[in-house]
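Shared between the two complexes below is subunit A, which has subunit B as its partner in the first and subunit C in the second.
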Partner chain A sequence: MIGMIFILSYCLVALVRIIMQLPGNDRKKFFISLVTPKTMAKNIRDIFCDCLFHVKLWKRNKLLGYMHSSIAFGWFMLIVVGHIEVLLYTPHRAKLLYFPIFFRYFVAETEETMRGAFFFFLMDFFLLMVLSGIFLAMFKRIQSGVFGMRRTTNPSFLDLIGLYSLWAIFPLRLLAEGFTADISGGSFLTKSLNYVLHSFLSDHANMLPAWWAYSCALGIFLIVLPFTRYMHIPAEILLIPLRNAGIKIRNARKGLAKAEVYACPSCGLCIDACPMGVMKTHIKDTTVYLNRQIRRNNERRIEEISDKCLLCGKCTAICPVGVEGDKLRIAQRSLRKYAINQDYSGIDTDQLHVKGEKVMYFAGCMTALTPAISKAMESLLRKAGVSYSFMDRDGGICCGRPMLMAGRFDQARQMVEKNTEIIKASGADTLLLSCPICYRIFREKYRLEGIRIIHHTEYIAELIRQGRLSMDKGYTKYVFHDPCELGRGCGVYEEPREVLSYAGELVEATKNRKESICCGGSLGSLTLGFDKRKSMTENALANLTEASPDVIATACPLCRSTFVRYADRPVEDIAEIIDRNCI
Partner chain B sequence: MIDFGFKISPSSAINMDNADLSLYEKVREIEPDISKCIACGSCSATCPAGRFSGMSVRKCILDLQRGKKNEVKKMLSCCMLCGKCTMVCPRGINTRHLILSICKLYKED
Partner chain C sequence: MKENILIIGGGIAGLEAAAQLFRLGYNPIIVEKEDHLGGHVAGWNRLFPDMSPAEDLVARLTEAAGEANIFLNTRIAFVNKLKDSYNIMLTNGISVITRILLFATGFSLFDASKKEEYGYGVYDKVMTNRDLENWFNTGQDERIPEEGPRAMGFVHCVGSRDEKAKNPQCSKVCCITAVKQAIEMKQKFPDAMVYCFYMDLRMFGKKYEDFYISAQRDYGVRFIRGRVSEVSENIEGNLVVKAEDTLSGKPIKVTLDLLVLMSGIVCNQEICKSAAQLSLPMDSDGFLKSRDNVADIIESPKEGIFYAGACTGPKTVPETLAEARSAALEIHNYIISSRK
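Presenting the complex of A and B:
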């Protein structure tokens, strides 16, 4: 038994050591953040909220939250109270790890004082809490729908061993403590079980098998833990400070990426969230399975899964432990080797220079395919009396985000540099963008000091607030589709809604904001063909039209052209709607 | 040679018996849709890289079918991977994946 516990501590030490060695420069940042009081407080708070109480799960589904936090918090308290007991009664033994676990077995008699009874009550209470959680967990295996999960992960063989041993630990503990309750004392649960057991099994020798079974279950669980999904228990504690230190994924398999992969609890919440999930064949391409394949080093499947993803980022947004499914996939893509490496040094930026106005409008590639948006935008700018210059009226250089999403960072960087050159030379102080895909990379990767980067929804909201555009409010019902890159990617949720409410009545989709469903047209996916995307688009449209709006509004040229293909009602960009309703 | 002010351009005929189609066959294994291409040129019309380098997915596919590897390589080295060609393709070919696959398959000659 001692050996088993040592295996666990050995694993922990090994894990910490491995992770410490990996992130290179980030390691310094990590250690500094560990001693900074602000992040320290945040770390402790996050560990308590996420690892013990599972606040995020509570917010998702009360039953699911109770199930997990009762097991985690209950078990934690059992360990803590157990240790306090040992410290109080047999302080000289407190150094032995295994002692608190089998306290009831070793210590035959404890005084029946108030203090003793109180601890017995606490131990029994938390045991009951854990047992109720275990019972719910068993029920969840049969009926996951009650817990707000339509689909759940298919456990691997070792996961099942871990699962069954975890289920066995606490009922066996109850049984074992029940047998010894009349010798070592107990409270409402163990004492009463003791009476029941004594009615037909009066021999105390019976308690030995029960204690043995309990220790075997615990031992099996601890031994298989490093190889199962239960590795998330130690890994999450490491992941939280890493994330709070602001470390980013730099290597596809090492450092933070590794911590995230091991912190994945295989809960399967991302399966329901994934927009590809509407087709059963794609269920095995969700983030849970990506993490599992990375742990197994199955290169063929890793490539398949990471290339298929739309990179909408919804799995990242809802993940209770904060595994970044989209960034993990981009990192996997960056491992690919290409024989042809694009080179844009031949592009002469001189012929692309635009001089003059303070506001520079960059429509982007996708808007070039939906000229209605750039036309509406130009008309709005004229109406508001803004003098502007149009950076890519005759086409320009791509922003680099599609290249970045394909994992080809060097090529993307070259395009970023070319565009930066053009923008800096123009002397503009505001860069207005129509496409959220461009907007995201301009915000994250471009170094444009002193130039304000703004999406057209934010800009229109500003113009209306300043009174430079006056609106004629109509009776049309609009629903707003949050584009992945604008909402989850850049956190812009309020401005588009504000703008739409000036033009008419705003209704909400069933799943909106952080949980909005990708239109299915995303450039993130490398391998998904048109035929496979259709059902995703239809699913997203069904979600949007639930409140029967007259017009579907969006703020992304790509979402717009994807929806137009299958929608049964008009799909428009916010700029078009405002331009029509503007006096 | 006497300069007549004009010359006869070299023959651009391709002998399909001698053309090396191995690359085209490999690409077709990965992305079978390539054979659906009707060479309509929508992809070339939308391509933002076209004005800088003459990049054209239509020409790439045609050149692959004729075994002209070097021309393909020159064109692809300016692709920005923006994905517009995929969006406008009337035959629903995933041209973006096609381009990436060709980039991966190319052997340095």
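Presenting the complex of A and C:
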């Protein structure tokens, strides 16, 4: 009872605090979204799918999905059916919150309740379901591999208390109900347990300690809940409508960021996903540990973990509750104070103005360092008869994404403004990019109304479809490496594959698309050295070459130059491959 | 019977050691993978600081080592360790039993196409230091027009002192090589503008500093302190080179019609296999590990295996020759002491 009141008031206060921490317009947006029928329906659907049925986990691993949904949905149904019982049989008690939980203790079996055998059956059924889930959870502690998880999180002390009390609740409930089944009634599980118990323990006085133990376990669980990973249960219910309202992280510790941190169930799926995980020493730099450190306000570790990350976004992509590990880290980085803050407002864009063609090609810094790509791209544009202008042939301004990744929003904004000026003055209607790092910030942060922003893989696919480039299909086997910024970052998965299939045979990497492994060269990390990155690159290469392709194809100049260093076979950009194979 | 000594590599270190060992009364056997002796030096034109022809040096060394057994176009197939000696099978079918091995395997030149931003293999007017030496020797290279380049640049430290290129070591000889080649180009084409893009100029050797000052004063070579950031090609096919002049603190951009990349020295990748067969350790710089980097640079941690020259790190020609001689002497002492 105390536990219940405590947890409800705690959640309420937390809820109000998080909502109050949202900036004014976001809060307004949130409340409007709550009453908009479309998002309301989506909220309810998402809460059911994610919190109760754990659809995402089912997709990952059936056992893992069953374990979670049996506990969550089973428990939920126990509460629902319990309430129905109370409403039906003892309506005058329905106002008492604790009554349904201990219903069997208070109610003696009468003629009336016997007719409710259906509900009793349901109760026992769901109890069995929860118990099976708990059993799986115990098994998972020993053998996480069966659940598709190579490594799991190391639980903290309070987490362990929460864990053991959660494990204890339902077996104790079974025991307690077993003792009272002959008085209060029961069904296949509790009744039969009752017979077994009575064969050697016939004293009803035994039931009191059992009920006490059950209620203690429940109480402990509810009291420690806010301080353990189980806080994700209430936090996720808040996170879903916040996310559906389209709210973004605006403060490193408050508002949505806080909701995400608390919604982290510490499941540790991100540990296996993290490309740094190839080295054991980096396990504690994964998102789950970041969330734990943020909850503990351990600033030193927060900084270390945030700076080390490659920002590949894979933990975000696979997170079952939708914690945005990459954005959370960028937000932490933005707290940093620098002694020198570069000022780019003095850059004279007049010298950089490009006039003329409708299609404007922006190669970006990374392509400038891999001239083979821009050369191939120009050759392709000429072959297709596209008249284009080359925005940064003679030097240009960085797109701003590296500064954004470093959390230096003001510097990034200045570059965005300068580039916007140049692009708008050029009169172009299409902006073509060969670097996914640029592509992402152009899509997300630039306001270029009326100008189409397109990545070169999409553009090449279009040119081939329109017949402006004709391909000579060869027998070379290609594997496509999904660059983080293009795939997870911008959701472009199909066009590169389509383009490659025009050039030759396409094979797939073991982990691809959303689960593609970062090449290790990412600009995202501020502190990782080359020696550390090397093992990540080698791991990513091993994943790519499983189907023994002849050529590793990618669509990012940075991935390309990273792979070239360690690959045992050619690594090429899609533009180079198409340029070679088109007639 | 004369003691067999197997020398792996017929470059200047191998030749010099063979000549010395022969004079000491042993039977040196040189195994060379190429079809000629002299290694990298044989492909060079003139040697700093006195501009002496490399050809003469190689000819002299070859003549001195003439009495040794020399197998060209031959590699080591496999090695069997016997009780106190090695049975070495060569790819030409001959097997050698010896107690003593001398690694004179030298170095490989860093593959400049790995530094993609400099455009080697992508742009038509980019070459390496070796390509330029080859042109000095043969006069044949499409990249260099007959009337000479109007403006050309040398990029120092390509694939050396570069963590990204997996080689953080200084290659030692490229600074002076670049200065030498810059002077040679100026001698051939006095009207050409010649730039050197450098990080530091490491003029440590005899008369190197004089050479450098002469390049500035007498030849007007322009030295720009700063790394080249990127190279692009303009419409005429000339190269636009961007760099930072760190002395004036300004970014600079020059248009060149020839760019020479000073490829650094990396360990000869082929010898890694032979070294692994003999379980010889590699040092953290990627070269063979000596017993002691101060006192015993020519000795391996293994009994009877010796090193000479650039297999233990970048070295100049005189340093290599001196090491070859001291390795010969060390082998001699080893044999005498083991006979007792």
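Heads up, the rule we're going with is that the second predicted complex is superposed on the first by the 556 of 583 C-alpha atoms of A that agree within 3 Å, B and C clash if a C-alpha of one lies under 4 Å from a C-alpha of the other, contacts with A are read in each partner's own complex, and residues count from 1 in each chain.
As a convention for this text, contacts are C-beta pairs under 8 Å (C-beta built on N, C-alpha and C of every residue); 3 or more make two chains touch, one makes a residue touch a chain.
Please read these numbers as outputs of a predicted model, since none were measured by experiment.
Trainee: Based on the superposed arrangement around subunit A, label subunit B with subunit C as either clash or fit.
Mentor: Clash.
Trainee: Quick one: is A:Gly395 in contact with subunit B, with subunit C, with both, or with neither? Answer first, second, both or neither.
Mentor: In the superposition, A:Gly395 touches subunit B and subunit C alike.
Trainee: Which partner, once the models are overlaid, touches more of subunit A's residues, subunit C or subunit B?
Mentor: Tallying touched residues of subunit A, the top partner is B.
Trainee: Between subunit B and subunit C, whom does A:Leu526 touch in the aligned arrangement: first, second, both, or neither?
Mentor: first
Trainee: Touch test for A:Arg408: subunit B only (first), subunit C only (second), both, or neither?
Mentor: Only subunit B; A:Arg408 stays clear of subunit C.
Trainee: Per the contact definition in the header, classify A:Tyr338: touching subunit B only (first), subunit C only (second), both, or neither.
Mentor: Only subunit B is touched by A:Tyr338; subunit C is not.
Trainee: On the A-aligned overlay, A:Gly346 touches which partner chain: subunit B = first, subunit C = second, or both, or neither?
Mentor: After superposition on chain A, A:Gly346 lies in contact with subunit B alone.
Trainee: So, A:Ile233: does it touch subunit B (first), subunit C (second), both, or neither?
Mentor: neither
Trainee: Once the structures are superposed on A, label A:Ser561 by its partner contacts, choosing first (subunit B), second (subunit C), both or neither.
Mentor: A:Ser561: touches subunit B and subunit C.
Trainee: If you stack the two complexes on chain A, which partner ends up touching A:Ala137: first (subunit B), second (subunit C), both, or neither?
Mentor: In the superposition, A:Ala137 contacts neither subunit B nor subunit C.
Trainee: For A:Ala368 in the superposed arrangement: first (subunit B), second (subunit C), both or neither?
Mentor: A:Ala368: touches subunit B and subunit C.
Trainee: Following superposition on the C-alpha atoms of chain A, which segment of subunit C from the set 221-229, 293-301, 311-319 or 329-337 overlaps subunit B?
Mentor: Clashes with subunit B appear only in stretch 221-229.
Trainee: Touching subunit B and also subunit C: which subunit A residues?
Mentor: Residues 368-369, 394-395, 530, 561 of subunit A touch both subunit B and subunit C.
Trainee: Flag every residue of subunit C that touches subunit A in the complex, lowest number first.
Mentor: 114, 116-117, 119, 122-123, 163-166, 230-233, 240, 242, 253
Trainee: Note which residues of subunit B are touching subunit A in the complex, please.
Mentor: 33, 46, 48-49, 51-53, 73, 76-84, 87-88, 92, 94, 96-97, 100, 102-108
Trainee: Which residues of subunit A touch subunit C in their complex?
Mentor: Interface residues on subunit A, with respect to subunit C: 368-372, 374-375, 393-395, 530, 561, 564-565.
Trainee: Okay, in this complex, where on subunit A does subunit B touch?
Mentor: The contact residues of subunit A facing subunit B are 336-344, 346-347, 365-366, 368-369, 394-398, 400, 402-403, 406, 408, 411, 415, 521, 523, 526-531, 558, 561.
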